[in-house]
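Naming follows writing order (A, B, C and D), and every chain is counted from residue 1.
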């Protein structure tokens, strides 16, 4: 299969949006694009499995290379392994749900859907890139749409949040840039992931440039102490943008940490392992406790995202296969769950026009569907068995426990303990807003979810349930991918 | 010390003295006159070096042209007897130190480099030779620069006229 | 004939150059700044002529450079004075600080 | 001839000139060795031709009310021809002559907003500072001539050494160049001149003038001063870092959008210098490529500003609040241009900056790359501030709808197409790289 389709379809969608007028046409084009992309992702999954079953054991399948700038050996190189496919599927689900949720986006609808599409194109391109330049290109493509989405359509102190987010993410990518240049001049004179993975980089060089790459990508995934853009950005963004931000954008970072930083520089990863573990453990605990203090639903989910993304980094930092599998699973699971959560919050907000926990109550009676979605998302977040969150976090814990050193044991236990805190804030928020007495009598007049909202929620819920009940569907694709990577990582430890 | 040397040092003192005065005097008209003397001194230096053509050009263009232009513009734009605004002392000291250090460093490096005069140097600077080379388009010729500078003079002239021309709007 | 070392002529031109630089840095009047520039260009001219005369008499590079610099200086002065006169008509002052509306 | 016919005719002729540039590819010398031509030089001239064409298209609005159109074009083209002679020069003499031909008439041009006080001041500042910088440059050249006895680049390269006096001469020449490129610490004239001069002239100064000087600068560095690379690397490193930082810090606090672009262009020069420190074919290619991109991005921005300024006279960043509501298309053009200046993909600026960094990094100077990366973030902040003003701030007194004429529209189309195509399609960079023979 030609992987370029994954970028071409959003590009065509974007063009279509540019040339259509009025909300109806625009959203139809965007919706059609998202559906086609989702179908395409499943086709990709199917073809990928077929190839694997046919005995194609290459690390990356469907590779394609174009000599972009031959004189300095920069290529447009794409290909997928199981990890990429999982991320692509995640993106397709979230994008579709995001378009559905924004169905009634009256204000500047054309620009809104255009930016969403560009953002998704950046994410797709990022997940299939096998050359650091290509990767970096798509990473940055995805930043500015976020800035505009938050700044134009956001709420609250949107301009501040948008600026903070854009600068911190660009700061992250600037660090990545330095790291990339370090990789290029480490001897291979190439930015190709495969080429660089095959020739090992000198350890001295690794130690200099690993922090750049890891922290650079880490900022995208809320690495402590660079997580401060997350709460502001997520809470100010319009619903669909929050979904994209938490669901996709934060995953760019985790994926990059794994794919570029740890995979290319395993020795340095081992060298810096304690730092990574400590920082991610802090992020988990800090995120959980900070959530306790929040009274705004969006802030609750934003801070809990910091905590959950800490698990991704913790898993990667443990440097063993189970933990890394867990990290990838957590990326997918958290992407779906948080998107669902933000969608539910957005639906509540559209009706009540408040996100404060104290102003809302007893919505289950008024709008049972939305309330159910909200509660399910919360349960997934606190790791209820049967939902995706449980699978992912369990795997991370199991992987982490394999690491016998005291420091890592402590970190693991602390991370486990954070689940309890998560349960507290989730149950408190859900209980107050969904069960409890009705606070505002006006809320009685609200209608339940419209068809587009239902569809969006169902799409995401389905994915969460499938992952929770039959995790092997996902793990089967991911494991071979991480296995190949682990071979290099373990050899070099 | 031969007369030849003495003349050089006198010329040098004349040039530098007038130069300093031109840059430090507070009355603008005096500054222009000191500049005039400096430029005449430089022309004298060319005569002393026996490069008559350049000396003549120096007098015709600089003394006869530019300085007259400057004096003319002084008359047009301000009362020549008035004192000009003074730079602050701090600025003067800073500039003075910068200039002296720069001159000292450059002078030091020049004397270290040890330029030695080419003993059998005979420069053919006859007007005929200059004219021939000026219009020569072969290897050592300056025909192209000659053309280029004519464009330059033309463009500068047009620009100057457009700017300095009195427009009717301003009169009303 | 060649008793004077070229180094002495270079000292003269260097001194003249830095006198010009000093003037440019301290003067706040446009016409006097223009005068400073003329001094700088003159010092360069002395250099070229001296080098050409005493060191490299094979061709006339330095001499021509000087002649062209003089011509360019004339053009420059003409444009500058046109601008000065124009400013004076609009502002009635040509001291840089008087009419400096623009700050860094 | 009525004004509009005249302007149309001029623009058509400029377009013909630009297209004809592609068909003239004679290589060799003329007038002894005074005029030299290679494929690379043709390309550089074509880039400048394109820029002049775009500027001419954009400034139609302003020119159509001006009384001295004929003179404007005569002076503009004289200055352009000066740049051509300068680029084609093979010795310091022709270089100097071309440089003066390109700057002295420009000073007159900077004064072409005859009724405005600032315009005259800008012209004066420009001519005095350029005369001063020529003076320094000339003193350096004269010392070089005295020490080496030659003015041609080849001759200098053959006999150049690390003697202190020669280094001093080199530093003086470098200072002269720094003035013309407005690199720190010789940048003080830039903002005032950019603000005061008419927008068309500012655009010309910031793109064509600067571009031409940079073309010459790196070719002189790479040919005449090739052998003292070790000496100039540190100077250039220092200048580039200072230029970037100063440009960025001052750009942060500007209110006037022309001053803002002036400081941003200073910062861009710092970035270009990073590429030049690479001292390699990659460095040269990256520099030319970046200038091509810089042309599109800067002229895109100046085009919008020029239109707005000609129609409403507003030039402050705060005037641009709510610009997107009234002029969505122009707002997007300005935003894309600014993104390209900030180096954000998929605009071409991203590729340009990346290649500059890559060629600079070839000297293994990690500090330089880190500083550059940090500066990219700072610069992003102020570019985004303008974008924020246009898209996010509300304004009762927003700039009313501005009509884009056909010609200005064409200029925008050229800029935007250039912004998107030059980077994404690698052929452009590869072509530049292939014709560089150092």
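Note that in this section a contact is a pair of C-beta atoms (placed from the backbone, for glycine too) under 8 Å apart; a residue touches a chain by one contact, two chains touch by 3 or more.
The model shown is predicted, which means the values in this text are computed figures rather than measured ones.
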item	value
Each chain counted as touching chain A and chain D at once	none
Mean-CA-position distance for chain B and chain A (Å)	70
Gap in Å, rounded to a whole number, between the CA centres of chain C and chain B	5
Averaged-CA centre spacing for the pair chain D and chain B, given as whole angstrom	31
Rounded Å distance, chain A centre to chain C centre (Cα mean)	65
Chain D: positions in contact with at least two other chains	93, 97, 100, 104-105, 107-108, 111, 114, 123, 143, 146
Junction residues of chain B - those touching two or more other chains	106, 110, 115, 140, 142, 145, 149, 152, 156, 159-160, 163
Per-residue overlap in chain A, given as positions that touch at least 2 other chains	none
Chains grouped in pairs wherever the two touch, ordered by label	A-D, B-C, B-D, C-D
Chain B-facing residues of chain D, complex	30-35, 67-68, 71, 74-75, 78-79, 81-82, 85, 93-94, 97-98, 100-101, 104-105, 107-109, 111-112, 114-115, 123, 143, 146-147, 163-165, 168
Contacting residues of chain B [partner chain C, same complex]	2, 4-5, 8, 12, 15-16, 19-20, 22-24, 28, 31-32, 35, 38-39, 42, 45-46, 49-51, 53-54, 57-58, 61-62, 65-66, 69-70, 72-74, 76-78, 84-85, 87, 91-92, 94-96, 98-100, 102-103, 106-107, 110-111, 114-119, 121-125, 129-130, 133-134, 140, 142, 145, 149, 152-153, 156-157, 159-161, 163-164, 166, 170
Residues of chain B touching chain D in the complex	105-106, 109-110, 112-113, 115, 137-145, 148-149, 151-152, 154-156, 158-160, 162-163, 167, 169
Of chain C, residues touching chain B in the complex	1-12, 14-23, 25-29, 31-32, 34-36, 38-39, 42, 45-46, 49-50, 52-57, 59-60, 63-64, 66-68, 70-79, 81-86, 88-90, 94-95, 97-98
Chain A to chain D touching residues, read off their complex	67-72, 74, 133, 137-138, 140-141, 143-144, 147-148, 151-152, 158-159, 162-163, 166-167, 170-171, 174-175, 177-178, 181-182, 184-185, 208
